[in-house]
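Order of writing sets the labels: A, B, C and D. Residues in every chain begin at 1.
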Amino acid sequence: MVNKMTVDEQALAQRLMNYRREFHRYPESAWCEFFTTSRIAGVLQSQGYELFFSDAIIARNTIMGRDDANVIKAQERAISWGAELDHLAQMNGITGVGALLDTGRPGPVIALRFDIDAVDVMESQDDSHRPRFLGFASLAPGVAHACGHDAHAAIGLGIAESLAANKNTLCGKIKLLFQPAEEGCRAGKAIAESGWLDDVDYFIAAHIGMNVPSGTLVCDPQHFLCSSKFDLHFKGKPAHAGIEPNAGRNALAAACTAVSQMLAIPRHRDGMTRVNVGQLHAGDGRNVIPANAVLMGETRGENRELNSYMYQQVEQIAQAAAMMHGVKVDIKAQGEAIGLHNDQEMVELLGRLGPYSGFAKVVREKDFGASEDASYLVDRVQGNGGKAIYCLVGSDLTAGHHNGDFDIDESRMLPAVKLFLNAIEHLQGETIHKEEEVA
Amino acid sequence: MVNKMTVDEQALAQRLMNYRREFHRYPESAWCEFFTTSRIAGVLQSQGYELFFSDAIIARNTIMGRDDANVIKAQERAISWGAELDHLAQMNGITGVGALLDTGRPGPVIALRFDIDAVDVMESQDDSHRPRFLGFASLAPGVAHACGHDAHAAIGLGIAESLAANKNTLCGKIKLLFQPAEEGCRAGKAIAESGWLDDVDYFIAAHIGMNVPSGTLVCDPQHFLCSSKFDLHFKGKPAHAGIEPNAGRNALAAACTAVSQMLAIPRHRDGMTRVNVGQLHAGDGRNVIPANAVLMGETRGENRELNSYMYQQVEQIAQAAAMMHGVKVDIKAQGEAIGLHNDQEMVELLGRLGPYSGFAKVVREKDFGASEDASYLVDRVQGNGGKAIYCLVGSDLTAGHHNGDFDIDESRMLPAVKLFLNAIEHLQGETIHKEEEVA
Amino acid sequence: MVNKMTVDEQALAQRLMNYRREFHRYPESAWCEFFTTSRIAGVLQSQGYELFFSDAIIARNTIMGRDDANVIKAQERAISWGAELDHLAQMNGITGVGALLDTGRPGPVIALRFDIDAVDVMESQDDSHRPRFLGFASLAPGVAHACGHDAHAAIGLGIAESLAANKNTLCGKIKLLFQPAEEGCRAGKAIAESGWLDDVDYFIAAHIGMNVPSGTLVCDPQHFLCSSKFDLHFKGKPAHAGIEPNAGRNALAAACTAVSQMLAIPRHRDGMTRVNVGQLHAGDGRNVIPANAVLMGETRGENRELNSYMYQQVEQIAQAAAMMHGVKVDIKAQGEAIGLHNDQEMVELLGRLGPYSGFAKVVREKDFGASEDASYLVDRVQGNGGKAIYCLVGSDLTAGHHNGDFDIDESRMLPAVKLFLNAIEHLQGETIHKEEEVA
Amino acid sequence: MVNKMTVDEQALAQRLMNYRREFHRYPESAWCEFFTTSRIAGVLQSQGYELFFSDAIIARNTIMGRDDANVIKAQERAISWGAELDHLAQMNGITGVGALLDTGRPGPVIALRFDIDAVDVMESQDDSHRPRFLGFASLAPGVAHACGHDAHAAIGLGIAESLAANKNTLCGKIKLLFQPAEEGCRAGKAIAESGWLDDVDYFIAAHIGMNVPSGTLVCDPQHFLCSSKFDLHFKGKPAHAGIEPNAGRNALAAACTAVSQMLAIPRHRDGMTRVNVGQLHAGDGRNVIPANAVLMGETRGENRELNSYMYQQVEQIAQAAAMMHGVKVDIKAQGEAIGLHNDQEMVELLGRLGPYSGFAKVVREKDFGASEDASYLVDRVQGNGGKAIYCLVGSDLTAGHHNGDFDIDESRMLPAVKLFLNAIEHLQGETIHKEEEVA
């Protein structure tokens, strides 16, 4: 570390790897991160952080895409994996944890955010898959850390430990947010609306990988897509398909009509739009007019207006498809992301710090081309006058994100930790410096 | 019993009820009836029947709608329920059992058929549901005897026991077929093609319920629909729906196109046709172009030509939908039923015997309006010069077939047993009589 | 002729041929039969009939499928062909004519109905097409008597002349209805509702051809389909398809969605149903989002309930397709036919008279399988206590009805005339007889 | 005029208006410009230009979107309007004319292009529509100069006269191309492939209006879309929709399927794409399964690859829709445009000349957002080493292009003429200057 904080880099790198591999073995989907949260909370507690759970960090009524049945099963599994009952009680069904380091000295409020959920994907069973042959493969069939959030959580703990160890050199307050349910952009809005970040002066977040090679830092990714995730539930009426087909109300037919038409929403003059139906499940018996259908979809747009245009079309199509087939439809919001625009002084700061933090190359702009619910957090901080940045930490990958063969270059976690720590130092330095100037 | 055989009706009625309730507790879907088969085989064995399993009664290469994964799980469950390993070994993965009673005396070969599979339906959890409050509800969540085949199996065992007890009064051979996989019309064709019924002179089958009230016998149901059951497997290519939607090949879109178009197959001049897609499952992640889709469908027609017309259209639409979206499609036959036409002398015989067997009312014709794979067995027997009948044994029902609230009037099993036994007596009598005449 | 009326059959056959060929040269589509009506009215007038036009025979407010622009052009053409202005004035824009022969003697009211409109089909230009090489081909491109209504009109005039010549032998009243706009079932309902047939005791109508060979009479055709004809007008909003596709409201897309879904209306348990979209016209420029679309469709059903089921589905689909694409839709009824059931005493009467009228063979039942708006007239007469019949007069055809190569066997018009005259004689005889009995 | 050429601007403005209004009265659609071509040829001839017709300027085998039947009617009408038979003979069915002014002096070859076709749109009948109340409204119902090509032709003639009058001050060769069939991008490719422009050093073209206000010159419009225009002809089999719906092959249903699916072609990662079906016409009779359908469509893309992607999808969908419904489909190319990129030295030259030519304001870039088949000509010239420019001449409009109320600000033709003349002077000057330098 370049300045005041001291860290044993070799030991830290080892701990980061251990943490990451542990999280990798125990992957938990969005809103199911009970073991992960408990494990993180345990470490943070031991380092003296004040912890915040549940309603303290998440506005419960704006939660999206959380399924009670899954959550209950996840809690049971978490207990079997060793989650602490005390932590579970504090979570009260809502995963994720916030940690506060209050130095007691005047200074800025700096927040760092790490997302911790895994993906619903079957991890590769191939013997050449590193987590497999090194023995830290997923213990939960069908769930895997195939997006790198295991590394994010590890980086967060690495930073937490480093900060705690150097508490005396710090000023102001530092908030560490271990966020659940980033996949599907489900938690961001609810965390923003909880107000826990409303006093933050500086906000920093990062994602590992993202088609950025090992050694490169991208400090101002562009084109975060606004996105809405939604489920459509069609409810019709069953009937024997041979005996009285006219008596049914075909929810599957309505869903298929909706899918075909949603894919045909007209392109928009003002820019890029997207729509996808990722899943459709419908029907009971082969010879029964299907009385129910559920489809999972998403819209995207280059900006908020474009995404709204798409989503309104989806709503119109869903209603019309239901009417056409005499069925009912419910549209349930499941997630939402908005645009994300870094503050340029943060971009410049991290750009300058990159080479001192272990990055061989710093690139300013790169197309992000996807959605991130950190966007809600950034928007909230900026709305309250704070400055924010979301950057990309390069890592060579063995396969694309969300692919069962995905694996990261673990050696790229240390530079991320150093970058965050350096940024904290400089942000505190600048502030102090400014105060001195003022004096 | 009217003639030579003697039966304690009260004791028989009690045994029928016990058998039926036992089968009801242990429901097994098509091709999964390992416990059921083992239980039946055990009784038959104890009664001295010669048993036939697996390839002896089923032409393995024409089996439809059997899923290896399900079968393996079903075998494990059957063992846990008490199925005998010896029986499982003889089944060699193929459920169902044939039993032969050879009297050693000259006489006709008479075959009776009882289907034994349950339905994939969740049994009612309602406290007023009789199997529930009497304690014989399904032990397999999502599977239930909601079609009455538990009663069919019980009737078969009741007949088997009665015949064995009266063996000395009988002549010729009697074959009892405990058929698997009637639901979806999956086994009929394969059993027919095994040749096990090729020496049969008389074939009798019945279904309980079917909207016929308790006390009524329908001896010549009409309009059995020809039907083809099929699965379509669409295989495309995944891609991130936000980043490169053009790189995907959308199997879900292809399936939806196929569904919409299949429902629009033109009506046919020559009579009634049907098409249904009962289930559709597609896709992996919300933000991934769905690379796979499976749909389960069926066609029907008043006659073989009309069903062929429908099925050929389905094939054409499936291929074209795949081509349209650049995906691949496999069409897998899952079941098949053909028309069923009773022999009028059998109709008249059972009509005459009805009142002597406990039926208050005999109705000749009634629309069947559905499909039955006994049609293949009837067709096979008739093709070899035998006579066949399929009749309906009335029973008041608590809900329609395949409904979770379905329950039968158990007192209607006894008349069915008596009808079959009486028919056997008369058929043996007539034959003997004829032989005497010839002599 | 068998009884009281005398007719020179050879001369009559020649006049029938002349009339038929004249009508064939001047074909006029539904609601455009101004020349045809005028020509018929001229003959009837000269024979001493009292004539009824326009509102006297047609309830103007229930007219369907009449287009003002076509009517105006048709009047101009009719004048150029020699229609009398006096007749046009009396028609007041509504074609068709009723004629009354009041004998002044007591007796029944007998009505005969002849439809006179041509079809919108291009007549064959082939030199082997008889109307062409004999010089009586259609003078109106795109319109042709390809359904045989030219023969119907000729038969009507032949009967009119025969009746007038034998007026002294007749009793009661005879009404001859030369009906416009049978194609598309557009006029029947409006004529029925005018009340002109409300005093009718016996009603007779016939169609030539209909897959019945020359020499055969079918006196009780079965399965007249109920039918509704309709136009859907979709109205959207144009936009440049390259510059701002999102600004359009795509009427063509809505129409296509409606078509696909209408063809997929579920089959009905209770019997035969049909739906067709015969035409679709949409859009203006290749690069403009199409702002308008018109489609012409029809539903049918074995009975009134089945047709209603289909039509209600069409309405629902049309509204939903419009909603789906943000456009407006108007549904305009264009024609309607209902079921038709002959009175059995009329069936028996004509069956008996067939052999005496020149028919070599009389068949009782045959599937009609199409729709006829005589059904409204029959229904009205029967509703008022009258008896009615609609029969089929066999004629070998050169091609199917509505085909450009269609031509009839002209020699089959005479038997039709004789059948109608014989029927009149017998119906009058029976009535007189009955009155005598009463006396 | 700034330099050597002298022009009486007031008289020229008057002549431009007269020409424009004359062309406006006699609008002719693409490939039908026989009168227009003859009128232009007459003027050019009188000014001493050498003329080139038909195969000399257009590669006949690559012509797109030309309909023989329309062409024949258009020739007849052109004759009735006063087209010269001699010109018609030279055109030999292919409209448009090239004119060559060969000064005999060394110098560059400069080509100017003016498109002359009208649009298939009904001109406003509103009394406030200027062409109407000033008496120069379209004489051809349904065809109108609603895109400003009447002004383009007038500008071309104004330039032709000015050049001829100043021939002595000029050097090199000047080619004036009066292009047919720009609408739908039908002629550009065929003209390019004729080779008539292969010796051109400088190529200049312009469009009036295009949302640029009067007084403004846009000298480097951006984002010309690549586009393919196509017709799909579906051919099925008719059948009576009531009697035997299964016997038909529904071309309308195939077309509707194709439309729905074409609108759903996935968006592309690499940029903007478009697809539109502008027209659909299908079917014959209401009660006949429609045996034919024609649809007119277009694809667009930001670049050639994107347009190819769209067009290939259209082809695949068309084939699959035909297969799905058992019909045949023909895909007929009707027009094509590619990207257009100005040479920057031409952009700078015209930018400098704008203020001297009567433009109050010069704007460099503006989104074009549409397609132009001048793109093929520019591409050809650039491919042979020449320099090319396509610019926009501002004009306040009364309504958008292709709208029936469209009218231009006629005073903006004179600046266009002056700009072209100034450009010619400078291009000749520069060249001479360069040659002097070389010397």
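The rule is short, and it goes like this: a residue touches a chain if its C-beta (ideal position, glycine included) is under 8 Å from a C-beta of that chain, and two chains touch if they have at least 3 such contacts.
What you are looking at is a predicted structure, and each value in this text was computed from that prediction instead of being measured.
Q: In this assembly, which chains make contact with chain C and also with chain D?
A: A, B
Q: Sort the other chains by how far their Cα centres are from that of chain B and give me the top one.
A: Using the mean of the C-alpha atoms as each chain's centre, the farthest one from chain B is D.
Q: CA centre of chain B versus CA centre of chain D: separation in Å?
A: Centre-to-centre distance between chain B and chain D: 70 Å.
Q: Taking the mean of the C-alpha atoms as each chain's centre, how many Å separate chain A from chain C?
A: Inter-chain centre distance comes to 70 Å.
Q: Round to the nearest whole Å and give the separation of the Cα centres of chain B and chain C.
A: That pair's centroid distance is 52 Å.
Q: Considering chain C alone, which of its residues make contact with at least two other chains?
A: 243, 245, 250, 253, 257, 260-261, 263-264, 266-267, 274, 289
Q: In their complex, what parts of chain A are in touch with chain D?
A: 260-261, 263-264, 266-267, 272-274
Q: What residues on chain C touch chain A, complex-wise?
A: Per the touch definition, chain C meets chain A at residues 243-248, 250, 253, 257, 261, 264, 266-270, 289, 309, 316-317, 319-321, 323-324, 326.
Q: Of all residues in chain B, which touch chain A in the complex?
A: Interface residues on chain B, with respect to chain A: 119-121, 184, 225, 227, 229, 240-243, 245, 250, 252-253, 255-257, 259-260, 263, 274, 276-290, 293, 296-298, 300, 334, 369-371, 400, 402.
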